[in-house]
Amino acid sequence: MIKCAFYLAPDGKLLDQPDMEQIKGFLVGGEGLLWLDIEDVTNEDAELLSNVFCFHPLAVADCISKNIHPPKIDDFDDYLFVIVHGINYHIESDVVETTELALFLGKNYVVTTHDVPMRSTSSVFSRVQANGRHMRRGAEFLAHDILDALVDNIMPTIDEMNDKSATIEDEALHEPKRETLKSIMQLKRSILAIERILSPQRRVIDGLSRSEYALIGERSQIYYRNIYDHLLRMEMLTYNLRDMVEGALNTYLSSVSNRMNEVMKVLTLIATIFIPLTFVAGIYGMNFANMPELQWRYGYFIILIVMAVIGISLAVHFRRRRWF
Amino acid sequence: MIKCAFYLAPDGKLLDQPDMEQIKGFLVGGEGLLWLDIEDVTNEDAELLSNVFCFHPLAVADCISKNIHPPKIDDFDDYLFVIVHGINYHIESDVVETTELALFLGKNYVVTTHDVPMRSTSSVFSRVQANGRHMRRGAEFLAHDILDALVDNIMPTIDEMNDKSATIEDEALHEPKRETLKSIMQLKRSILAIERILSPQRRVIDGLSRSEYALIGERSQIYYRNIYDHLLRMEMLTYNLRDMVEGALNTYLSSVSNRMNEVMKVLTLIATIFIPLTFVAGIYGMNFANMPELQWRYGYFIILIVMAVIGISLAVHFRRRRWF
Amino acid sequence: MIKCAFYLAPDGKLLDQPDMEQIKGFLVGGEGLLWLDIEDVTNEDAELLSNVFCFHPLAVADCISKNIHPPKIDDFDDYLFVIVHGINYHIESDVVETTELALFLGKNYVVTTHDVPMRSTSSVFSRVQANGRHMRRGAEFLAHDILDALVDNIMPTIDEMNDKSATIEDEALHEPKRETLKSIMQLKRSILAIERILSPQRRVIDGLSRSEYALIGERSQIYYRNIYDHLLRMEMLTYNLRDMVEGALNTYLSSVSNRMNEVMKVLTLIATIFIPLTFVAGIYGMNFANMPELQWRYGYFIILIVMAVIGISLAVHFRRRRWF
Amino acid sequence: MIKCAFYLAPDGKLLDQPDMEQIKGFLVGGEGLLWLDIEDVTNEDAELLSNVFCFHPLAVADCISKNIHPPKIDDFDDYLFVIVHGINYHIESDVVETTELALFLGKNYVVTTHDVPMRSTSSVFSRVQANGRHMRRGAEFLAHDILDALVDNIMPTIDEMNDKSATIEDEALHEPKRETLKSIMQLKRSILAIERILSPQRRVIDGLSRSEYALIGERSQIYYRNIYDHLLRMEMLTYNLRDMVEGALNTYLSSVSNRMNEVMKVLTLIATIFIPLTFVAGIYGMNFANMPELQWRYGYFIILIVMAVIGISLAVHFRRRRWF
Amino acid sequence: MIKCAFYLAPDGKLLDQPDMEQIKGFLVGGEGLLWLDIEDVTNEDAELLSNVFCFHPLAVADCISKNIHPPKIDDFDDYLFVIVHGINYHIESDVVETTELALFLGKNYVVTTHDVPMRSTSSVFSRVQANGRHMRRGAEFLAHDILDALVDNIMPTIDEMNDKSATIEDEALHEPKRETLKSIMQLKRSILAIERILSPQRRVIDGLSRSEYALIGERSQIYYRNIYDHLLRMEMLTYNLRDMVEGALNTYLSSVSNRMNEVMKVLTLIATIFIPLTFVAGIYGMNFANMPELQWRYGYFIILIVMAVIGISLAVHFRRRRWF
């Protein structure tokens, strides 16, 4: 489905559906800028890419495939083929889904393809619809706007993870449950997933921001550099996040073992106090014919007192050694 | 055993067995493409490689040896000698077996040797048998097809491991057994083995995709780059797999220790409630002559109630402190 | 809020508030040095930066934004745009707050902006107020002084952490409490945060200390190198700190498990001595009609002695095996 | 002790003891190849190296010293000074001993020195004795043969470790003993020791296999590359070994804790079943005057049945919760 | 305090105290070599460095400061300023103290400064006093001798640590005490400290041994390379040390947990055997009116035998399952 087609002649024109003839004419040497955004590439779309734009078969194959490819730049002289990753974060299940944006950057056109709807392309598209100015600066700036929107869309996910991480740490400290561990491990995995997305991405954007590619002029490089800085900042934040999550894991483990220790200590307290006392009671439960104490008038009371003394002094002793 | 020999003159010809004279003639300056695929290299085959193709003795020695050599490219000007690794994965025992493909790439020939049957060479061979078109593009493209098939054959293994990993994680959470740990450790080892295969391989393919070697033209480099991207993608996937397996290991360990803790808590519950009660019973089992309570009319019943009160209040206390 | 504006003509002049006309005139080709330090950049300030100084919109955007950007140098030919990080350390809560200083270094001016008050700029400012000499050496030296102050302000934090780490290690050894673990983990996080601040910073200063930028002459490079050495030294110190904290963590964990082991050993001692004795008492509490020992004259005393012997020999046995 | 001296004139000559005059004459410009292999360098040998061969004092000092030096190549224009490491593996004590071979490679001579007898030099020596052909290819090939033998001698050690590692893993699974842990840790240390020997060695051989040194011609470089490949392969194998040993360690730890858990579970089973029953028996052991049940005709049998019911239902309950 | 001043004219002259005039004259163009070794730099010394030698203020500041700076080389064209680290190891407290040596290497002079007495400078000084020959080879060789002595002084520390590590490992295996853990952790920290000293040092010496600095001629580079090799060797040794210490830590932890397990097993043995027996005794301690067994003639003896059978069979059962 070709979601949108755009055209900016000296007088600015907007097309709902791409008109093949017009596009062909334009590509030959038209002035202005054309943007095609294709969601869920069909065979028909693929033919458009292959035959009208004459993109390399391997690049077109990457667009058709539903797999997630690693971020990269391929320089085909006439156009750049860029693959970058966005994020779809489902906060309740804490799953980070990677989405792929393929972008062809030519002299007077930008073609973007993706398998699922992407907030970045649609938001830039709305902005462009509202104001043609965004197109006037040329293809390299339009590509920048799209990539910038894609990268900025990762930020809210990191913020949400930050909040979640704080919640989990609190839970780990005050009421460690089995679910807490599961959440911690899930969150850690999500953070690792984001790190793995950010760092190759950063290398791609770094490439674009240097004077390696003829299609990206010096004037726009600093803007690509800016995206690079954003990615770097996000990486710093994910490192902090990982620290937090590892802290939460340690807190959880120590909370759990602390509770267990508490339980064991109570067992020990009860057992070490009552086992000797029970033994004493056992002695005077014996049926020997000749046990003088049993005949004493206050034998029973004396022995009760003796037991109390033993019990209390054991408890005091344990208290003093800071066991309880 | 020379499993197959192929020859494509301007008019396309297929040989069942290599004809030495023909080959010698062809190698001198024949147009077209020759592919020899040798399985389990014999001394006779080795002589063919040494005397007819005049390959370097060290390269021929690598082909004969049954050892697995690290992936590499040796540039002998007239031909490239490439070693790459494939995978044989036995899912039930979860063992990753590395297989080795040695490939000589000359101007108008490709020679492949391997110790065990390989799906990659045989599938390309069938395709070539069905359609000569694959040979027409020249040696560098035939070599690409073989390497591409080899690399793509690793993917199903990663998918299977993915499934297995999910199964194991589930098992670790719901019924941790000793076998679960063994499976986790075995799977982790397999994943590490695959990582170790992928990453040097990637460096070899990276070398082929750059303009380092005269035998690989600019037109085919982008195709080798494509294999490189596949390998990169698989590496990303194995990293995720490793995360999953480490998560499973943590889940297993925490499941096991959780069960143990549960067991210990029940012991503590029973012991801390009944030890004091038994002590009380012990007291009234003593045989002192003068124990007034024993003569009370409802002494027995009173003491039963006292015991019940002690027992219940201890249980309530533990419950309140969330121990059970 | 523009906290201060400074101007040094051949005769040295000090301005309380920047005079736009004067600044514009000076920037064109004035001799001397101008320093603007802007805290909490307002829209008005941003316009000053954009229109009067003609800084690049992206750099100005970085100054306005309240986010912490990663340290970097952007070279805009006429001026350098540098972002570096300072530290605000709250010792009681052990939180390391990163503060950001943005610095524009031109031929005859330095502009610094920051969101929160910074000790480094204010201390250099006071020094400059007291003695114009600091301005006479030119922009690159003023920028050096500010960066130097910023970096030196990190040192006391490391010292404080050092003290704290020693205290915590002591506490972990002698009275491990739950709070100790929390402190250790918090301190570790703070140290990691400082490491993450120091190491990209070092790369930025390294860049300034090499002959990469036209605005920083050879004469001042050695001074920037000096800042670099300070940062390196701090990194070495933070590595040591991390060792100490990890040592403290190990000490804590081993202290806690030691105490638990001690508790368990006492339980075992008491239980293993008294359980057999209670059994013996139980035997002679049985009500069989025919139990000869019960009728012996000294049966009771003999059995008491037997029990004492059993108890003492068990205790001696355990003592010998070094359990207690 | 100069174990052997060799000389190959156009007509092939073999010397038992080096003849100083002959050697001096040969070194000036003799055609052929001289090989001196010195075991346990004496002062006299050192003078030979210093005065006749005119080797650099630092190189000679390295030969005399009994210390193990890190692998390196020193290029003294007229000759290369190479230090490489061999392995002596004592399988019963599982100790990896590093041995050092120092090798001087000149235009028409090779001098090797070592402190202990080395299989690599002696085996090459025997081959040379048997067949002069090995000397005919020149110094660089003789040096290659010696280094190749040295590196190949590491392989059997890795194989033995592989066997040992499998044995240990089995032991860890089926009968974990304290000795098992010691073996695992010892084996791990040996593997680390081998890794540390292989990886700097590889860098040295890598240097020799590139066109960095005038004394090693293009024709022989591919042979040095072959040694490099062997080292790379061994490194891959040691990585696998390390995985196996770490797996064995995990198996051991989990086996031990499994056994402990089993023991604890039996304790819990016995205690939780019998403690309540003992309490019941304790109740009817009390001596209250008025305990109606005691007078019932079948009171005793009823209570026995009650106890059996309690005990069995507890056991069933535990069984159902999969504790046993 | 200027501990020593040295001067070697063609005829060799020795000064006890530096004579300013003579030094000034010499520095202008004197032939020979001057060595000043300053311990605990005073303000007066600093002036000498600044005014007579005209060293850069930052280098002089580094000499005055009591802080430990990271190793580095600063090239001021006329002289090199080198900072390297020595070690003071207190074996009883196992503390590694880093000491700093600052060295100025000029054409005809060497100036060394340090805060504490250093064995390396004083030993070279004695050698120089005994034999002027050491000065005759020029400044670069004197600097080499000092650095060589400094580096060699690290070796005994590593040897001592090696011994200590073996002692500790033994202790960990045979009598693990709390102090053992503390020693292990302290030793590990010392080893890490040494690693951190060696590795940046190595980079400094590596710089000196390459042809980067005009003041260090080709002839002496191989000698600096030799120091580099020593440092490399020490690094290898510290890696082995770290392995040993980590082995000791594992041994300790497993020894401690082994002892605990042993203790727990005894508890379990005693408890699981006596708890059922006590229950049996409890049954026959009940006071039911109608308990036929109690009236049997040999009831008591039968029940004693029953108990013995139960106890022994439990013990045998446990023995068989290898618990004890």
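The first chain written gets the first letter, and so on, giving A, B, C, D and E; residue counts start at 1 in each chain.
Keep this in mind: a contact is a pair of C-beta atoms (placed from the backbone, for glycine too) under 8 Å apart; a residue touches a chain by one contact, two chains touch by 3 or more.
The structure displayed is predicted, hence computed values, not measured ones.
Touch-path distance (fewest steps) from subunit C to subunit D is 2.
Spacing of subunit B relative to subunit E, judged by their CA centroids, is 41 angstrom.
Distance from the subunit A centre to the subunit C centre is 25 Å, each centre being the mean of its Cα atoms.
Subunit D has residues 264, 267, 271, 275, 278, 282, 285-287, 291 in contact with two or more other chains.
The ring of chains, read from subunit D with the first step to subunit E, runs D, E, C, A, B. The residues of subunit B lying in touch with subunit A in their complex are 222-223, 225-226, 229, 232-233, 236, 239-240, 243-244, 247, 250-251, 254, 258, 261, 264-265, 267-268, 271-272, 275-276, 278-279, 282-283, 285-291, 323. Across the interface of their complex, subunit E is touched by residues 56, 58, 67-70, 72, 74, 178, 181-182, 185, 189, 192-193, 196, 256, 259-260, 263-264, 266-267, 270-271, 274-275, 277-278, 281-282, 284-287, 291, 293-300, 303-304, 307 of subunit D.
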